[in-house]
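This is the structure I want to talk about, given as structure tokens.
Read from first to last, the chains carry the letters A, B and C; within each, the first residue is number 1.
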Amino acid sequence: MASITEFNPSTPKKDLLIMAVFTAVVLTAPIWLAPIGASYPDLLQRFAIFGIFAIGFNILFGLTGYLSFGHAAFLGIGSYSAVWMFKLFSMNALLAMAFGIFVAALFALVIGFICLRRSGIYFAILTLAFAQMAYNMAYSVLTPITNGETALTLDVADPRIIDRAILGDAKEALPSPSLFGLELTGFTSFYFCAVMLILAFWVSLKIFRSPFGLKLLAMKSNQNRMQYTGYNTKPYLLVAFVISGMYAGLAGSLMAVTDPLAGAERMQWTASGEVVLMTILGGAGTLFGPLFGAAIIKYFENIFSALNKTQLTEVFGFLPDGMAEALASVSLLFVGEGWHLTLGIMFMLVVIFLPGGLMEGIYRLTARVKRKRESGGAVSGGAVQPSE
Amino acid sequence: MDALLLQLLNGLDKGGAYALIALGLTLVFGTLGVVNFAHGALFMLGAFVAVAVNRLLSFSVQVRDESITFFEAYKQQPYLEIWFGDLGLAVIAWSVPISILVAIPVMLLIGLAMERGLIQFFYKRSHAEQILVTFGLAIVIGEIVKVLFGANPIPVQAPPAVAGPAPLGAWLGLSENLVYPWWRLIYLFTSLLIIAAVFAFLQFTTYGMVVRAGMADRETVGLLGINIQRRFTVVFGIAAIVAGVAGAMYVPILPPDYNLGMNFLVLSFVVVVVGGMGSLPGAVAAGFLLGVIQSFASMGAVKDILPGIDQIIIYLVAVAVLLARPRGLMGRKGVMET
Amino acid sequence: MSDIVLDVSDVNKRFGGLQALSNINLQIEAGKTHAVIGPNGAGKSTLLNVCIGRLAPDTGSVIFDGHVLTGKRPHQINQLGVARVFQTPEIFLDLTLVQNVEIAALAKRDGAFHFRPFKSMFKDKELTGEAEHMLEDVGLLRLKDEHTGNLSRGDKRRLELAMCLIQHPRLLLLDEPTAGMSRHDTNRTIDLLKRIKERGMTKVIIEHDMHVVFSLADWITVLAQGAIIAEGTPDQIRGNPKVQEAYLGGAHV
């Protein structure tokens, strides 16, 4: 798939700059996303959560090339674990997250160990099978833990052992997740997710710059050579799998932090497919690509699935009546309930025309502009004219 | 004993569907080298061919209901009944078998269109990209079906003559109470017939021989001056027909919805992996095996001991098989391992 | 000399009805370049695969430096000090040349598995220095930050050699190192291999090209139909009528 341009030699200084700019951009997101109507906390934290999910998926798929079709299982596991932490011990978000990551890591270790016995499509199918198994079990045998179709929710009567020990039984209302007393709602909740996203990105950057990351990438390129060069490839792959499972666990528990409930539909194959799409749409193996992909998809999902016929007719209102009507009906297929159709089409278009994702598209464009500048520089005096 | 026999038959029915889908998956994969995640969608499309044929045949007009004389009552009367009387009604009743005949050309066309329009551009691309693009296609097909037919399962009855129970017990000299739906028996029988036909085609025709040779060593066969590509395209069409016919036949057993394809695809892939990627007999054997195992796992007695086991047994078996025999039951070395 | 690095004794291997190797005995001495030649289907590749533990012999043993190689996994064999060059150069496409060599150096330094995700590559000046030095040695330094995809076959081979050499292996196995190369590239590769020879690394070369064999080898083993038909110095082999009949035939050397 895409060649990895991120891996070109960087410098610590450059990386520091990347982190600084990234942090600033994420923290100011509510401001600069306002013009496109994406500056409310609910959507912003979805960007952050799915960004984390995709960044983690990218560590597996982007670096090692192993395509997992079951990562949503870890997302769901993270959510369930976090909610159980809330119910049994404490509403503290950090505890819930730690527990969510831990349980997801355990599952990833076992599932990864088994699935990594095979590679290529076998691996994809095995992970898919495990995710389906988890999904089916959440709806059947595990109902006592998952609460089946009704989804797992908080209850006033939950034990919350730690909270009660510290705060007493005072509260009668349903508590919400908090950070040492600070209630995580609205923008507080977004900023909590944003900090997690920045941390998650930082870890990913470190991995990309480490010998470990380079080895993963080399494995994607030629596993045979890797073995004959003296590497035991299995543990490397397993560690990558577990790390990406932990990212998914983090994303899942953040979902529970922002909205304390957990349902099995989070583990469905469509959810696993979605994170794959996010990653390839942005550019698998690139640092920023998966994040872009996640934001783009969540943004359009938000807009598209909210549209209805009246709005569409309004949009096409400038056209003659009959035409507006017809256009509205056609577009209606792709919005609202039909969002998945758009998603499927996007999926195909990206894989067919831009397998390297948007990041590769950007690189290609800049390379072309650069080439133009170099060849045309002598004549036009260095002015860049991206006129094509 | 009776219960066991019934579960065995149920399992073979389900296994028939798995085997037919897995057979097509393996054929496409062996010939074109493409991992087709949209293959389940072909099964689903076949099922909806049956639904569409049924709707088309029972296209009705509102007429005065003569049997009610107290007031003016109206009823829907199919055109076929108006034109042909009882014969017309019989045709409607037999819509599923008819749709199987319709499904053959329709699925062939869909298959060829899919191969020429999309799949052929992905021969040389990585398996990950093949999986992704066909996965996208599967979503698109599913959503289109949802737009056309709605999200709810649509039941279509088997012809009344074969919808009832067959006195299985009486035939076998067992209890008179042991009965099994006719249609399911027919389904099982037809599945076996189709499987036999595909194998016979590959084994005994020159065309099939070339295809098999191509599966074993594509380059050499290509060097012999045989246009292997065109034959492989036809193989894709055949796989589409097999999946589609299986889907059409399955309609009276399980009312189809737009998700049917993905549900069966995941299981069929597991079947292929258990059978051994690239092995046709493996796919068939594993299909029936897993169908039967799943069926036994859903027996009340088993579920009492291991609740929910029927939901996951296939995956458990798959994991166990892969741990014990990484290449599957009948897999060959070197297939799909790079 | 009694310093035997690789000891292949009484190896037999059958594939169905085909006796691929019969009673092969080979002692590879330290510091020598040992060539194995033979016509197509003589069993050269089988022998190589037995040597690196990829194929288990039916009888006999392969011992490297006191370790039985049979049944060991590729990375274990490498960690024991055996490096391998493949018939078609196996390198990491998508990575730069210097990264290719660094990966190999890291395997030697950190072992088969080493997990420190927060360690930075750029702070490892020593590693980069070593890798660049190695690239200079094989004449690829000017390309160090290029991606390997565009390299000529000859350059890919040199890169692969650099990746093996930076590990300072005790034994280097070369499977037709000049296969598919132009005359010019072949000669450059021979020069490079000669220079390695001067450093005293033990090598086993499987080769078709007589020009390569006679310019490099200290000792030659000739295989035909799975059996050793002759052994000796290049001069002895050149004059051996059995070899000429079995292998060289009408071709001039």
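Going forward, a contact is a pair of C-beta atoms (placed from the backbone, for glycine too) under 8 Å apart; a residue touches a chain by one contact, two chains touch by 3 or more.
Quick caveat: nothing in here was measured; it's all calculated off a predicted structure.
Novice: Graph of touching chains, which shape: line, ring, star, complete, other?
Specialist: Line.
Novice: Per-chain C-alpha centres versus the global one: which chain is nearest?
Specialist: A
Novice: With chain centres defined as C-alpha means, what is the inter-centre distance between chain A and chain C in Å?
Specialist: Computed from C-alpha means, the inter-chain centre distance equals 45 Å.
Novice: Could you put a whole-Å number on the gap between the CA centroids of chain B and chain C?
Specialist: 52
Novice: Averaged over CA atoms, how far is the centre of chain A from the centre of chain B? Could you give it in whole Å?
Specialist: Using C-alpha averages as centres, the distance is 35 Å.
Novice: Using the touch rule from the top, collect the residues of chain A that touch chain C in their complex.
Specialist: 3-4, 7-12, 203, 206-207, 209-215, 217-218, 220-222, 224-233, 235-236, 239, 243
Novice: Give the list of chain B residues in touch with chain A in this complex.
Specialist: Spelled out, the residues of chain B in touch with chain A are 35, 118, 121, 125-129, 131-133, 135-140, 142-144, 147, 262, 266, 269-270, 272-273, 277, 307-309, 311-312, 315-316, 318-319, 322-323, 326, 336-338.
Novice: Where on chain A is chain B touching in the complex?
Specialist: By the definition above, chain A touches chain B via 1, 65, 67, 69, 114, 117-122, 124-126, 128-130, 132-133, 136-137, 139-142, 269-270, 273, 276-277, 280, 333, 338, 340-341, 343-348, 351-352, 355.
Novice: Spell out the residues on chain C that touch chain A in their complex, using ranges where they run on.
Specialist: 73-75, 78-79, 83-84, 86, 90-96, 99-100, 102-104, 106-108, 110-124, 145, 147, 149, 163, 167
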